[in-house]
C-alpha cells in the first residue's frame, strides 16, 4: 500500500472513531456548563465553565451510598455465582450420567427464558414471603446467571485432564480438596471471564433492581440515576454531571483490564 | 500466577464477607426505642414536601416523643413505590392515596376513620371519595378546582371581560378574539395545554365524564363503562385546543406550561386548577391575586356550569403497626383542626381546606375564596378522573387523546378503543 | 469413580437450587398465571381468554410488530457496522487500530439507562442546536415523532452493540490463517477479492452467533427504551418488554401481562431453535 493511501485511511478511521466517541465528549462538555451554556451551544464549550455541577450531582445521587450498594451487590453476586457454578460444572464434567446430562440441558434450556417472562411470578413469589432488597437481589442474580456460567465452566473443565484428579486422589485428597486446590485454579482464565461477564451485567442492571429494591438507602447507581433524572426537571447540566460520575468508575476499570475484558466478552459469546 | 490469583480471590472473599457482616450489624442496631415513636408518612405530592416537613417539625416540637418521617414519591412513580413499600412489609402509617382504585388496592390495610375528630368536619361532597366497603378510610387532603386558569392581564389587553363568559358560544368568541389579536396582545397562542402530560389530559376529561355520577364517586369507581354522555362537548373542546394551542402540542410539558407560557403571559389559558397557585406566587409575590382567574368548562351549557371541585388525594391510616395508630390519628386530628397547622396549610401550601364551616376570610387570595364557596355550595360537582381504572390514564386515555391531537386517530376510533380499554381494565382490576 | 454420590450432590445441589428457585418455579407459576386474571392480589382461572384478548389488543399487536421491525433493522445494521469495524481494526496492527478497538467497544460498557439518557440529550438538545444552526428541519423533535423516535432507539442500540459484535468478528478473522491471505496477495488478488472469497466464507459461523445475539438482545430491550423515549409519543415506541412491564406494574393486569410474557418466551425459543438448526446443518 502506498504511504499516501495509508495516511488517508488512517485519517478516515480517525474521523469515524471521533464520530463514535463524540457522544461521550458531548456529555462531558455539557456537564461542565451552566444551564445557559447548554441552551446556547450544546455542541462545544461555552464561556460558563464550572465544576460545581459535579458537587451537586454527587450529593443528589447520594453517590457514596449508591456506589457502595452497587459494589456490594455486584461483588457478592459474582462470588456466589462463581463458586456455585464452578462447583456444579466440575461435577458435571467429571461424572457422566443421566443426571448430569439432564442438568446440562436444564442449564441450556433456562438460558432461553427471557427475564420478562418470569419477572411477574418471581416478584410475587418473593414479595409474598416478604423477602426483597439486597440479599434477595444477590440470590436472584445468582439464579439468573448460573446457567450460562455453568456452561462456560463446563467447557473449561473438559479441557483439564482427568489424570490431574486421579493423581490427587492417589495422594489421598478428597474431591472437594482436589477441586479447590488443583482443578479450579487450573481454569483461572475462565474464572476471570465468568467474573467479568457477570460483573458487567449486574453492575449495569436496572430492571431487576428496580423491581426488588424499595428502600431509600439501598439504591444502586442505575436506580438512583433514573430517579435523579426525574427530579432534575430538565436541568441537563446536573443530569449530565451525574452521568459522568456514574460512567467514570467503569471506564477506568475497563481501561485497566482492557484486554481481559475483551477476551472475556468474546468467549462468553462464542462458547 | 495461580497462587497470586488465589490470594486475590481469598482477599476479595474476605473483604466482601466482612462487608456483608458489617451491613447486617448496622441494620440490626437501628431498633426502635419504645418511648419514642416514628410515624412514616407517604406523600405523593412532591410540590408540598417542604411544607409537610414543616408541619412535622411543628408537631414534634409540641410532642417531642413523636417523630414524623416523610417519604415523597411523585411524578407517576408513586403507585409503584407504594406497592413496593407494602410488598416489603414496610407499610407507612399515614398514606396519601389517589382515588378509589388506589384505596381499593390497600383497603385491607386501612382503618375506619369515621370517629376521627378530623373526619367530622369534611365537606359532605368529598366524603364518598374516601369510602371503601361503606367505611370511611380516607379523608380528603384539600379542595381543588378544575377548569381553565386564565391570565387576567392578557384578557384585559384583549378587552375581554371574563365575567361575561357564561356559555360555550361566548367562550368560543373570546378564544377567537384572542387568537385574532395574538400579535397585539403579545401571546404565542391562546392555549398552553400541556399535551405531553397524560395526567392533565385526564383531569380535563373529567369535565365531561363527571356529571352523570352526580358526586357519587363510589358509583364512578364501580362503573364498567366510560361515560360518553357529553361526547359532543368533549370533542368540541379538544378540537378547539388542537386548533389554538402552542405547537407542537405534544411537546408542551407541565412545568414550562405553568412557569413560562402562563406566567410570562405567552398564552391566555391553561387547563389547570388552584394547585398552580404556590408555584406562581413563588415566582412573583402577589401574582395570583393580580393575574390568576378561573373559568369553568361549559358542558351542560345552561348557565349552571361551575368549576369542578374535589380532592385528588386522600389520607388514610394503616393498621399494620397497631402501636403507632393512635399517634397517627392524633397527628391527623392536629393537622385538620388546629389553627397553627391550618395556617401553614392555607398560607404556605396554599390549599383550600376541605373542611366545613371554615372562615373564608382567612384565605389569602380571592380565587381561593371563590373556590371554597363553589366547593361547599349545593351545586358543587366532583371530578371523577381519579376513579378511572389504574393505568387507564397513562396507558389508554392519554395516548389516545395525544394521537387524536396529532391526527393519528379518528374520534370514532378513539371512542371505540377508549371504551374497550376502560372496560377491560375495570373487569380485571375488580376481579370479575 | 472419583466422586461419590453424596459428594456429587454437594457440588451440584446449590446450582440446582438456584435455577429451580429463580427460574423454573417462577416459570411454571407464570404459565399458570397466564391463564388467570390475576391483578397481583386476587386471581381466578379464566382459560385462554388472556391470549384471545391479546391478539385483539391493538397496543399489544403494535408493540409486538414494532419489536419485530426493530429487531430486523438493528440486526442488519449492527452486523454491518460490527463487521466493518472488525475489518478496519484488523487491517493493520498498530497503535491507532488498537485504540480504535477500545473506542468502538466502549459504549458496550455502559448500562442501558445511562445510554438512554446520553442519547436523550443528543436527540433533544444537540439535535435542536444543529437544526437551529443550519436551519435543518431534519434534526427537529426526534423524540416527539413516532418514526424518528423509532430510529432514535435503533441508533442508540447500534452504537451500543456494534463494538460487541465487532469483537466476535475479530476473533473469527484472526482465526483465518495468515498464509492463506498472503498466498492470495502473492497471486495478485485485490482486497475486495480477498474479502469476498477468503474472509467472508470463514465468517459464516460468526454470522450465526452475532445474528442470534443481536436478535435475542433486541427482543428483550427494555432499559434503553425506558430511558430514551419511555414509549412516547403516545406509546408508539413502546416495545414488548415495556408493554409487559407497564401492563403488569402500572395497570396491575398481571395475568394478562404474563400471557404476553409467555408469547415473548415462545418467540425467543423459536428464534433460538432456528439458529441451532442452521448451525447444525452447516456443521453436519
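We call the chains A, B and C, going by the order they appear; numbering starts again at 1 in every chain.
Rule of thumb we're sticking to: contacts are C-beta pairs under 8 Å (C-beta built on N, C-alpha and C of every residue); 3 or more make two chains touch, one makes a residue touch a chain.
Just so we're clear, the structure is a prediction, and the values are computed from it rather than from any experiment.
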item: Highest C-beta pair count, chain pair; value: A-C
item: Maximum centroid distance from chain C, chain identifier (CA atoms); value: B
item: Inter-centroid spacing, chain C versus chain A (mean Cα positions, whole Å); value: 16
item: Intercentroid distance (Cα basis), chain B paired with chain A, Å; value: 39
item: Set of chain C residues in contact with two or more other chains; value: 40, 249
item: Contact set on chain C toward chain A in their complex; value: 1-4, 7-8, 10-12, 14-16, 18-19, 21-27, 29-30, 33, 40, 88, 91, 96-97, 99-114, 117-119, 121-122, 125-126, 128-130, 159, 164, 167-168, 170-171, 209, 213, 219-220, 222-223, 226-227, 240-241, 244-245, 248-249, 254, 257-258, 261-262, 264-265, 268-269, 272
item: Complex interface listing, chain A residues touching chain C; value: 9-10, 13-14, 16-17, 20-21, 23-24, 26-27, 30, 38, 41-43, 84-85, 87-88, 90-92, 94-95, 103, 106-107, 110, 112-122, 124-125, 139-140, 142-144, 146-147, 150, 165-166, 169, 174-176, 178-179, 200, 203-207, 211, 222, 225-226, 229, 236, 239-240, 243, 246-247, 250-251, 254-255, 258, 262, 265-266, 269-270
item: Complex contact set, residues of chain C against chain B; value: 37, 39-44, 53, 58-59, 141, 144, 232-235, 246-247, 249-253, 255-256
item: Contacting residues of chain B [partner chain C, same complex]; value: 79-80, 83, 105, 196, 248, 250-251, 389-392, 394-395, 398-400, 402-403, 406, 408, 417, 424-425, 427-429, 431
